[in-house]
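Chain nomenclature is as follows: A, B, C and D, assigned in order of appearance, with residue numbering initiated at 1 for each chain independently.
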Amino acid sequence: MDAAHVIVVGGGGTGAALAHDLALRGLAVTLLERGELTSGTTGRHHGLLHSGARYAVNDPESAVECIAENRILRRIAPGSFEENGGLFIVLTDEDMDYLPRFLAGCAACGIPTRELTADQALALEPGLTTALKAAVWVPDATMDAMRLPLRFFATARGNGAQLRPFSEVTGLLTAGRAVTGVMLRDRLTGAEGELAADLVVNATGPWCERLAASAGATVPVQPSPGVLLALVGRLCDLVVNRLHPAGDGDIVVPQRRLSIVGTSTWTVTDPDDLEVPDGHIQAMYREGAKLVPAVASAAERAAWSAARPLIGATGGTGGGGGRELSRTFKCFDHAVTDAVEGFVTITGGKATTLRAMAEATADLVCAKLGVEAPCRTRDVVLAPHTAYYTGRAA
Amino acid sequence: MNAPRTVLLKVFRSGPDDKAPRYDQFRLTAGPRTTVLDALLAVRRRQDPSLAVRHSCLHGSCGTCGMRVNGREVLACVTRLKELGDPVVVEPLAGAPVAGDLVVDMEHVYQRLEPVGRPLVRASERAGKNDGKAGPGPVLEGLERFEDCIECGLCLSARPVAGDPRFLGPVALAAAERVLEEPRGADPRAVLGLVDDAHGAWRCHTAFECSAVCPARVDPGAAIMRLRGRLLRDRLPRLVGRYHREGRS
Amino acid sequence: MTQARRHDRRPQPRRPRWLDPRGRHLGTWAFVANRLTGLGLVAYLYLHLVILSTLLRGPEAWDGLVELFRRPVFLTFDLLLVAGLAFHGLNGLRVALVGSGLLVDWHRALLVAAGILVGLVTLVAAVRILA
Amino acid sequence: MATQIIKEDFSEASRWRRRPRPTFAWLAQVVSGVLLLVLLTVHMVAQHFVVEGGLRTYADVVAWIRNPIVFATEALLLICVTWHGIAGVHAVLLDLGLRGRAERIVARALLDLAVATILYGLWLLYAIAFRS
């Protein structure tokens, strides 16, 4: 009997890791992405490989996921990270009051930390503001937002997955309340077609509500954009975070010869209609310069918005920030939630946890399809990203 | 001058049924911050959903939105319309097969890079291991380092030799120069052999157009020149005698 | 790759890139000028050989040609030749240096210097030839 | 089927075969170019700039060429200029996209042309100097 055929809709980090996981488990996988791979939210993130420390106090579930995945990704994707480490810096007395809770949170989540005095921190990272009172070193790192997922794609393709960028899903094929495949349009050729599948996974991030709705299913996800600012020059060598309960403009991520300042947050209904609202860029400059003074005079390379898929209560989260929503991911079996068979949605999460999101989804997919195959993605070393283009395995 | 203005975009189109390329015209309103990519995505959303464009990071870091704007190779996401005249002519990169409209196949970039071999990023931007315990090593000097290459292919489009696909091209030659500078386990002899070719380092015309368009300031042109210096220093002694002692290579 | 296999017969951009002058920098113009002067000088090499061949036809033929070549139109051509030679030679010297890995970071300054020298040589030649 | 443009094989093994010592080809162009710079300056000054009216009369030309140093210099100039020029034309033709058989034919034809040019030029020098 032929392997079960799974269609993954969405060519972001989650889809990449999922295609890789399912291909390793021996399933026939087709991944469909309406544009270039990673052209949605994945490619736009600031490139931080989270240590998890940012979430240790308020969202320990996310923090534990982050540090576990941080370690796994360094192992399976060697050469993809600037292993520069990160600092959480204390600027005010309120920040100082938060420090013990922060350290306790990190310890509880198993995130290694090292307390530094202001002088020690400045010796480690001369780009810091001299106004800092103390700092904590954590194992943050910097990744390439596009090329790490490309390594998953490359490996997936090497294991037989069909990857189809520029293939837009225009609707779902259904039989009764069961999803049996997708209708699609090739954006390069204009050709329309249908593709049958034993199961369709909705990995479209902030767009997932729209696709789920076409199957009569609901997903409690809020597209929550943030503005990011790229500055010319590597203004600091370590990732610099503000040690405080999360706020706007509280991180500077060095990314090759750029420095990325992030981020603000608000909520929208259409993740395709993103703008850079007035004032956000100035806010990034202002808040970023509190961490790394060179930010204030650095030239702007670009400012852009990216929509996170934040999981929250359905509806009702207009205006206000999306930070209260959980940063962890969730996998929805719509047979359970909406009585729609053959359809699974994976959403939420972060770039750092792409592999864990895929593992959880693949476990669910395999259980539904009656496939008994363990997850192997914790140990399989990924092909280089160049293999995605040349088709040669590592 | 920061008021929104109307801009005419002339966009290269190449569909599967087209016998010849055509240029479609779109009018849209551009603000002071509107980039060429913003404009193209706005066209796709509001005027012509069939327009094919590559993009990902939106800040000049991924290298997917390379195209020719008014003839010049740029990253569309960091090129503002207010810096350009009117109309704005948008075409795909040269020297690569067009997959549709502004989308070119990037395989040729990686076919060139692969035999040279390069790590994408350093383990650390500083010399020495940075684990938070030891003090920092010095930040590695030099603004123009190949590690900053984003594989956008602008150099391959801009080079005067774009007509000949056999030319190894700036991206791979600059990568080779970097590998020779700091081998990190690679075999320098093999890389030297690869670039010492009539279609390798010696095919370059020293126009430095690749460096002029490089959005990552890698300066591949200078790297190719340093590579040639390296080849001469390696090959010249053979010309004056060592060649005979060592026998034919 | 699947994407790569789909565009066999797509119309491609019309002009070869290197024949497209839009948006080029100084370095490319120097390259183009080097090419054009080079091709011109090769053409002149053969013209020169043909002209010199009239020496085989004796003094009358040659001295007649010499008279002809002293007309202003030919003198202007001579000046053009000197300018072309000077540019190809001096820019060539720059390319030889930079292209061998020497003075790489000075390539733009060297080009400017070559340009100035070409101007001077042409000026001196103009005075000498046309005066 | 990929288009031809992306079917190049950049692995070293395939490049090794078609390598006529390219470093030395570059050196030859540089050396001949530098020699030309010197020889042509001498040629232009000695043949034209110092001569009244810019061109010698028939008798003067013949007498001048009979000087062995002048004869040798002019012969060397001829060889350098032909080599340098034909190699340059070859590079231009390569950039126009000549490939495979056409490229080999053109390379051969250019080599023949260079040899013919040098032989004719040397004969012309000899004929002017000693047969008139």
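Heads up, the rule we're going with is that contacts are C-beta pairs under 8 Å (C-beta built on N, C-alpha and C of every residue); 3 or more make two chains touch, one makes a residue touch a chain.
In this text the structure is predicted, and so the values were computed from the model without any measurement.
No other pair of chains has as many C-beta pairs in contact as A-B. Greatest centre-to-centre distance from subunit C is found for A, with centres as Cα means. The distance from the centre of subunit B to the centre of subunit D, each centre being the mean of the chain's C-alpha atoms, comes to 35 Å. Subunit B and subunit C have CA centres that are 30 Å apart. Centre to centre, using the average C-alpha position, subunit A and subunit D are separated by 61 Å. The multi-chain contact residues of subunit D, meaning those touching 2 or more other chains, are 2-3, 6, 26, 95, 97. In subunit B, 16, 95, 97, 99-100, 105, 107, 111, 114, 160-161, 163, 228, 232 are the positions where the chain touches two or more neighbouring chains simultaneously. Residues of subunit A in contact with at least two other chains: 166, 188-189, 388-389. Partner subunit A is touched in their complex by these residues of subunit B: 15-17, 33, 35, 45, 50, 52-62, 64, 77-78, 99-101, 103, 106-107, 109-111, 113-114, 119-126, 130-133, 135-136, 139, 143, 147-148, 216-217.
Every residue of subunit C that touches subunit B in the complex is listed here, in rising order: 1, 3-4, 6-7, 10-14, 16-18, 20-25, 27-28, 30-32, 95, 98-102, 104-105, 107-108.
By the touch criterion stated above, subunit B contacts subunit D in their complex at residues 95-97, 105, 107-108, 111-112, 114-115, 160-161, 163-166, 168, 172, 190, 193-194, 196-200, 202, 228, 231-232, 235-236, 239. Of all residues in subunit B, those touching subunit C in their complex are 12, 14, 16, 18-21, 68, 70-73, 91-92, 94-95, 97-100, 105, 107, 157-163, 204-209, 212, 221-222, 225-230, 232. Contact residues of subunit D toward subunit C in the complex are 1-3, 6, 26, 30, 33-34, 36-37, 40, 44, 49, 53-59, 61-62, 81-82, 85-86, 88-89, 92, 95, 97, 117, 120-121, 124, 127-128, 131-132.
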